[in-house]
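There are two complexes below, and they share subunit A, which is joined by subunit B in the first and by subunit C in the second.
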Partner chain A sequence: MDQILNVLVFGILLGGIYGLVSIGLNLIFGVVRIVNFAQGELVMFGMYGSYYAYTYLGLNPYLAALLVAPLVGLIGMAIQRLVIQPLHNEPNMQIFATFGLLMMFQNIMLAISRGEAVSIGGDAGAAVLALGDMKISVVRLVTFIATTLITVGLHLFLSRTMAGKSIRAVTQDKRSARVMGINVERTFLYTFGLGAGLAGLAGVLLTPIYSITPTVGGNFILAAFAVVVLGGLGSVWGAYIGGLIVGIVEAFAGYYIDPSLKSAIWFVIFLIVLILRPSGLFGQVGAEEVGFREQH
Partner chain B sequence: MNNIETSTLDKEMPLAPPQVRSNAESELEHYGAIHRDCGIDGRKQTLLKYLGGIAIAFLPFILMVNDPYWLNIIAFTYLMGGLAAAWNIIGGFAGQFSLGHGVFFGIGAYVTARFYTLFDVSPWLSMIPAALFAALIAVLISWPTFRLRGPFFAIATMAFNEVAFVIANHFDSLTNGPSGILIPFKPGFANMIFVERWQYGLLMFVFAALVIGITVLLRRSRLGYYLLAVREDEDAARAAGINVLSVKLRGMALSAGLTSIGGTLFAMYLRYIDPPTLFTMTDVGVKFALITLIGGIGTIAGPLLGAALIIPFENFLRAELASALPGINLAILGFLMVLAALFMKRGLVGALTDLWRKLELMWMARK
Partner chain C sequence: MSAFKSVLKPIVSIALLAGAAMLPHLAVAADPIKIGAINPFSGPLALYGVEVTRGYELAVDQANAAGGILGRKIDIVRGDASTPQQGIATVEQLVAKDKVDLFVGTYTSPVSNAASDAASRYNKLYWETGALAQNLTERGLPNYIRMSPNGGDFALLSVTAVRELVAPALKKNLKDVKVWIEHEDSLYGTSIAQTQKRLLEALGAKVVGVGAHSMRSIDLNDTVLRAKQANPDVLIQTGYVPDGNLLLRTARDQGFKPGAILMVGVGDTPETLQSVGAPSIEGVLVVSYPRTDISDKYGPGAKGFLAAYRAKYKSDPIASQSMTAYVGMQMLFDTIRAAGSLDVAKIRSAAAAMDKPNGTYATGYGLKFDKNFQNVRALPVTAQWQSGKMVTVFPIDASPVGATLKPLTRN
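Let's turn to the complex of A and B:
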C-alpha cells in the first residue's frame, strides 16, 4: 500500500517522458495532418546528436540541445518539403513514405554506429532525490519539468503570437486561412520543422535516461501515437495529459500486474479510446474522420 | 483516386478520337472498374491470360530446380507474393491499409507449430482451423477498428501487431515465449517437411497460385466490386445501399485466413518460429504492403511482380552489403519505399501498362 505513492510518482515522471516525445508528433499530426511514422527516429537522432556532442565536443548533454534541436528541425523541414508535400492529400502513400524513412534512418544509424548500444552513463543518470520514503530520479524530474515548460511555452506560442495563430488558423480551415493571406505551405513547413525540432529536443533530454540504439525510436513511436490519440489531435494540453495518463497506467500495470504486459495494457486502453472517443479527450469531435480528407 | 462521375464524362466527350483512351479511363481500367473482356470469348481470353501468367511465373522455378540457393529465394518469392496478394485483398481492393497482418501470419505459424510439436497433428490438417481462427480474430479485432479511417486504421492495426508480440512473448505456455518453437526435422509429405528444396518451391508456388486464383475470382465477384466501391468512396457506397462494415469484414476475414495459411507454410519451411521473426513490423506487416505497392496496389499480378522484384533484390543486398555495413540493405529498401510512394504510385503493373499503351498508340499511329 505504501508503494502506491512511489508508483504514482514514477508514473507521472514516465508520463512526462511520453508527453515530451508526443508534443512534436501532436503538432505534426494535429496541424499538418501527417502521420509521421519516422517521428521516433527523429527522437533517436536527438539522442545520438546529444551523445556525439558529449563525446566528441565535450558539450554538456543538455547544452547540446541548442545545437541538436535546430538540426533535427532542419531534417524535419527537408522531410516535409521533399517527401510529405508532394504526397499532399494521399494519406496512404504518406504511411508508406514515412515508414520508408523510418527504415532508412534506423538502418543508416545502425550502419554508422555498428549496432553498439551507447549511453551517457555515470553518476548524472543515477542521481536520486530522496523525499522521505520516496526516491526520485533527478534526470527524470528534469525531463518532467522541461516537458511542463515546453507545454506551457508551446501553448503561449500558439495562443499569443501571430505565427502561432496562423498555425491554428491553418489547422481549422486551410482555405479561409489562405484567403486571409496565410501562406499555408510555408506554415506547414515551419510547423513540421518545429515538430521535428521538439522531437530532437526530446531526444536530447532523454539521453541520460535511456541507452541509445538505432531502434530506440521504436519504443516511443507507438507510445507517442497512443498519447496523441488519447489526448486529442492538435491539442497541446491533450498531449501533456495524455502522456501522464499513459505513464501512470504503465507504472501501475507494470507494478501490480506484470511488467512484461504493461505495454499491452496501455495499447488496449489506446484502442478503447480510439473506439469510444476517436477524437481523444481534448480533441475536436470528428477530426479523426474528416481531418485527412481534402478540405475545401 | 479518380472520381467515377467525371471519368464517365470524359469517356463521352465527342471530341476525343475513339481509339485514344483518356488517362482517367485507362486508370479506371487499371483499377478494374471497366471490363473490356466481357462475354464468353472474353472470359476464355482472360482465362488464357491468367494461365499464361501462371506459366511465366512457374518458369524460374523450372530453370533453377537444381540450385538450392536460388530455389530458396524462389520459394520465398512465391510465399511472399502469395502473402502480399492476400494483403492486397483488404489493402489494395478495399483500400484499408492494415499494418497488423503479422497477427494473422503469427496465428497460422503458432497454431500449426504447436499442434504439430505437441500432438503430432499434420500441418495439412491444422492449417484449416488455424485459418478459420485467424479469420475469426480478424473479424473480432477489425469490427471496432473499421470505424477508423485512413491513417487511424493503420495505427490501430499496428498496435494489434505490437500486442500480439507482447502476448507471444509473455504467454510462454502457449508460444514458448522468446525462445521460440523448434520443429524437429521429420521429413514426409504428411508433416509438410521435405528433404529437397524444390518440393518447398512447388508448395509455395501452389500457395501463390491459389491466392492469386482466389483474388481473380474475387475481383469478378459481387464482393470484389463492393470492396472497390468502399475504397473509392465509403459514403457513396453506403448511400448506394452497400453494407460497408460487412463488406470490409468479409474482405478482412478472407485476407486474414489466407495470410494465416502463409504463416503455416512459413513455419514449416523455416522449422523455427519466435516472436521477432513473426511480428517485426518491417519484416512482416509492412513488407506485405511494400511488396504490393512496388508491384501495383489493387491489381491481380502486382503482388507477385513486386515479390519477384523485392525478394531477390533484398537477398542480393543482404549478401553483398550487409556484412560490410550492417543494416544498409534495409536502409536501401526504405529509400526504395519512399521513392515508390513518391513516383510509382501504381507500381510496376502501372508502369508496364503505361508502356504498353504507349507502344500500342505508336503502333496504331504508324498504321
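Let's turn to the complex of A and C:
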C-alpha cells in the first residue's frame, strides 16, 4: 500500500503520453473520419526530426518542435491531398492506403537510418524530481504538462475560433456545413494537417524518453486507438481523460497484478465501455454512426 | 632435330586437344560456389541482418583471395527474410533461380526454423551462425548444423557470471545472493529466463522474482518498482534493444540500484550508452557474443577481423554478432575442405569428425559438435561498461591485457 501514490503518479504521467499520441489521431479519426494507420509513423517522424535537429543543428530537443511539428503537419496535408482525397468515395481503400503509407514511411526511415536505434535520453532525459520516496522523471512531467496545455489550447481553438467552429460543424454534419458555406475539403485538409502536426509534436516531446527506431510508432498506436474510442471520437477532452484512464489502469494492473497482463486488463475495460456506451465516455451519443453514414 | 620435332608435334597436338576437351570441365570447376545468405535485410531487424552478412563477406573475401574453396571462388547471394513465410519463399527462389549450393543464416530463430526446413526439402545444407532457439538443433533436420551458441549457452553463461563475478564482487556467498530475473515475454526471453531460474536455484541462489514484459512496452515503471520492492542483489534482464534501454532508464529514474545489473543478449551497443548515459550504465554487465576487444590468446584473429571490417566498411562493427558470423563462415569452409565436397551427407560426416580446441577462431570458439550438430565449443562472453566503453571481463583469459572488473554498483 505504501507505493499507491507512486503508482498513481506514474500512471498519470503514462496517461499523459497516451493522451498526447491520441490527440492528433482523434482529430483525424473524429473529424476527417479516416482511420489513419500511419499516425504512429507521423509520431516517429517527429521523434527522428527532433533527434536530427538535436544532433546536427544542436537544437534543444523541445525547441525542435517549432521546426518539426509544422513539417510533419505539411506531410499530413500532402497525405490528405494526394492520397486520401482522391479516394474520398472509397472509405475502405482509404484505410488500406494509410496502411500502405505506414509501410512506406517505416521503410524510408529504415533506409535513412540503416535501422540503427538512436536516442538522446542520456543527457536530456536523466533529470528526476524526488519527493521523499517518490521519483518523478522530469521529461515525463514535461510531457504531461504539455499534453494538458495542448488539450486546453485545442479546446479553445475548436470552441472559440471560426476555423475551429467550422471543424466542429463539419464533424457534426458535413452536408449542412457545406450549405452554410464551409469549404469541407479545405477543412479536411487543414484538420488532417493539424492532426499530423500534433503527432509530430508528440514525437518531439517523447524523444528524450524512448529509443527511436523506424517501427517505434507502432508501440504507441494500438493504445492510442483504444484511447480515442474509449474517450469518444472527436472529443478533445475524451482523448485526454481516456489517456489518463488507460495510463492509471495500466499502472495499477502492472504493479499490483502482473505487468504482462496489464494490456489485457485495460482492453477488458475498453470493451465494457464500448458495450455500455459505444460513443465513448465523452463522445456525442450517436456520433459513432456518422463515420459510416453515406457522406457526399 | 627434325625427327624430334616430328615426334613432338603430335604429342603437342594431342596435349592441346586433350586440353581443349577438358576445357568445359575446367569451366564447370571454375563456377563459383553460391551460398544463399538468409537474413532480414528489410524491416526492423535489417541492421542486424546486414551486420551478420558483413561478417560472411569478410570471410569470403579472405577465402577468395587465398584461391577459394575446393578450387572454386565463393559468391554470396543475399536472401531477404524477416518472417518465416518469407524465409520459405526466399529459399525456394534461391534454389530455383539463383541455383545456390547451400545456405547460411540467420539472425532470427523463427526464420531459421522455417528456412532450414525448406532447404532440407532440396537437400541443401543450412549452416547456422546465429539463431538462438535451443530446439532448432533438436529437430534432427539432416541438413542443419549450428556453429554458434544457443539460448541455453546464454542462460548458462549469465548464471556462471553471477557465480564467478557478481557474488565475489558483492562479497557474498552465492546462497545469499538474491536475483530478480526480468525478461521480454516472447519465447526468446521466456525460455532463457526459465533456464536461468532453474540453474540459479540449483546452485542455491535465491530467485526473489521473475518478471515478464512486452518488448514493445512504453512504460516499465511497474516492472522496476516490483523488482525494487523485492530488493535483489542482482537484476538479470533478457530482451531486445528498446525494452532493455527503457528498463535501464526507468531503473535510473526510480533510483533502483541493485548490487549488479546483468543484461543478456543486448545492451552492448553505442546506442544504449547514448540512451542511458555513461554515469548510469557504468559497471553494468552484458552477456553477449565475443567482442573484438578479446585477448589474442583467447581469440586469435579478432584484431585482424576488426581491421578488415574497418578497411572494407569504414566503420566499427555495430553488433558483436558480426564476428561470430565471420567465424561461422570460416568454420563452414574448414568443414567443406575436410569433406572435399558440397554434398550434405559428406559435410555432415566431416562436421561430426571436427575437433578443434577452444581458441582456434577469432571469437575464441573451437569446433566440436554434439549428436544434434550443435557446436559445444562456442561460448558467449561477459563484458562490462567501463568509462563509456565495453570491456570483456569474463572468462578472465578473454579480457584484454590490463583489463579488470570494475565495481558493479552504480552511483
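Miscellaneous remarks
Quick note on the criterion: the second predicted complex is superposed on the first by the 291 of 296 C-alpha atoms of A that agree within 3 Å, B and C clash if a C-alpha of one lies under 4 Å from a C-alpha of the other, contacts with A are read in each partner's own complex, and residues count from 1 in each chain.
Just so it is clear, a residue touches a chain if its C-beta (ideal position, glycine included) is under 8 Å from a C-beta of that chain, and two chains touch if they have at least 3 such contacts.
Because the structure is a prediction, the values reported are computed rather than measured.
Steric overlap between subunit B and subunit C is present once the structures are superposed on subunit A.
When the two structures are aligned on the shared chain, A:V268 is found in touch with subunit B, with no touch to subunit C.
In the superposition on chain A, A:F10 makes contact with subunit C only, not with subunit B.
Of the two partner chains placed around the shared chain by superposition, neither subunit B nor subunit C is touched by A:I145. Using the contact criterion defined above for the overlaid structures, shared-chain residue A:V35 touches subunit B, although it does not reach subunit C. Once the two complexes are laid over each other on the shared chain, residue contacts for A:R114 go to subunit B and to subunit C alike. Within the superposed three-chain model, A:Y255 lies in touch with subunit C and out of touch with subunit B [touch as defined at top]. In the superposed model, A:P214 lies in contact with both subunit B and subunit C. By the touch criterion defined above, A:G100 reaches subunit B but does not reach subunit C. Once chain A of one complex is fitted onto chain A of the other, the partner contacts of A:K135 are limited to subunit C, with no touch recorded for subunit B. Residues common to the contacts of subunit A with subunit B and with subunit C across the two structures: 107, 110, 114-115, 214, 258, 260, 263. Per the touch definition, subunit C reaches subunit A in the complex via residues 42-48, 50, 185, 211-214, 216-223, 225-226, 229, 241-242, 245-246, 249, 252-255, 269, 271, 273-278, 280, 318. Put simply, subunit A touches subunit C in their complex at residues 3, 6-7, 10, 14, 17, 107, 110, 114-123, 125-126, 128, 130, 135, 137, 209-211, 213-216, 218-220, 223, 250-251, 254-255, 258-260, 262-263. By the touch criterion stated above, subunit B contacts subunit A in their complex at residues 95, 97, 99, 144-145, 147-152, 154-156, 158-159, 162-163, 166-167, 169-170, 282, 286, 289-290, 293, 325-331, 333-342, 345. Within the complex, the subunit A residues that touch subunit B are 35, 83, 86-87, 90-97, 99-108, 110-111, 114-115, 214, 222, 225-226, 229, 258, 260-261, 263-264, 267-268, 270-271, 274-275, 278, 288-289, 292.
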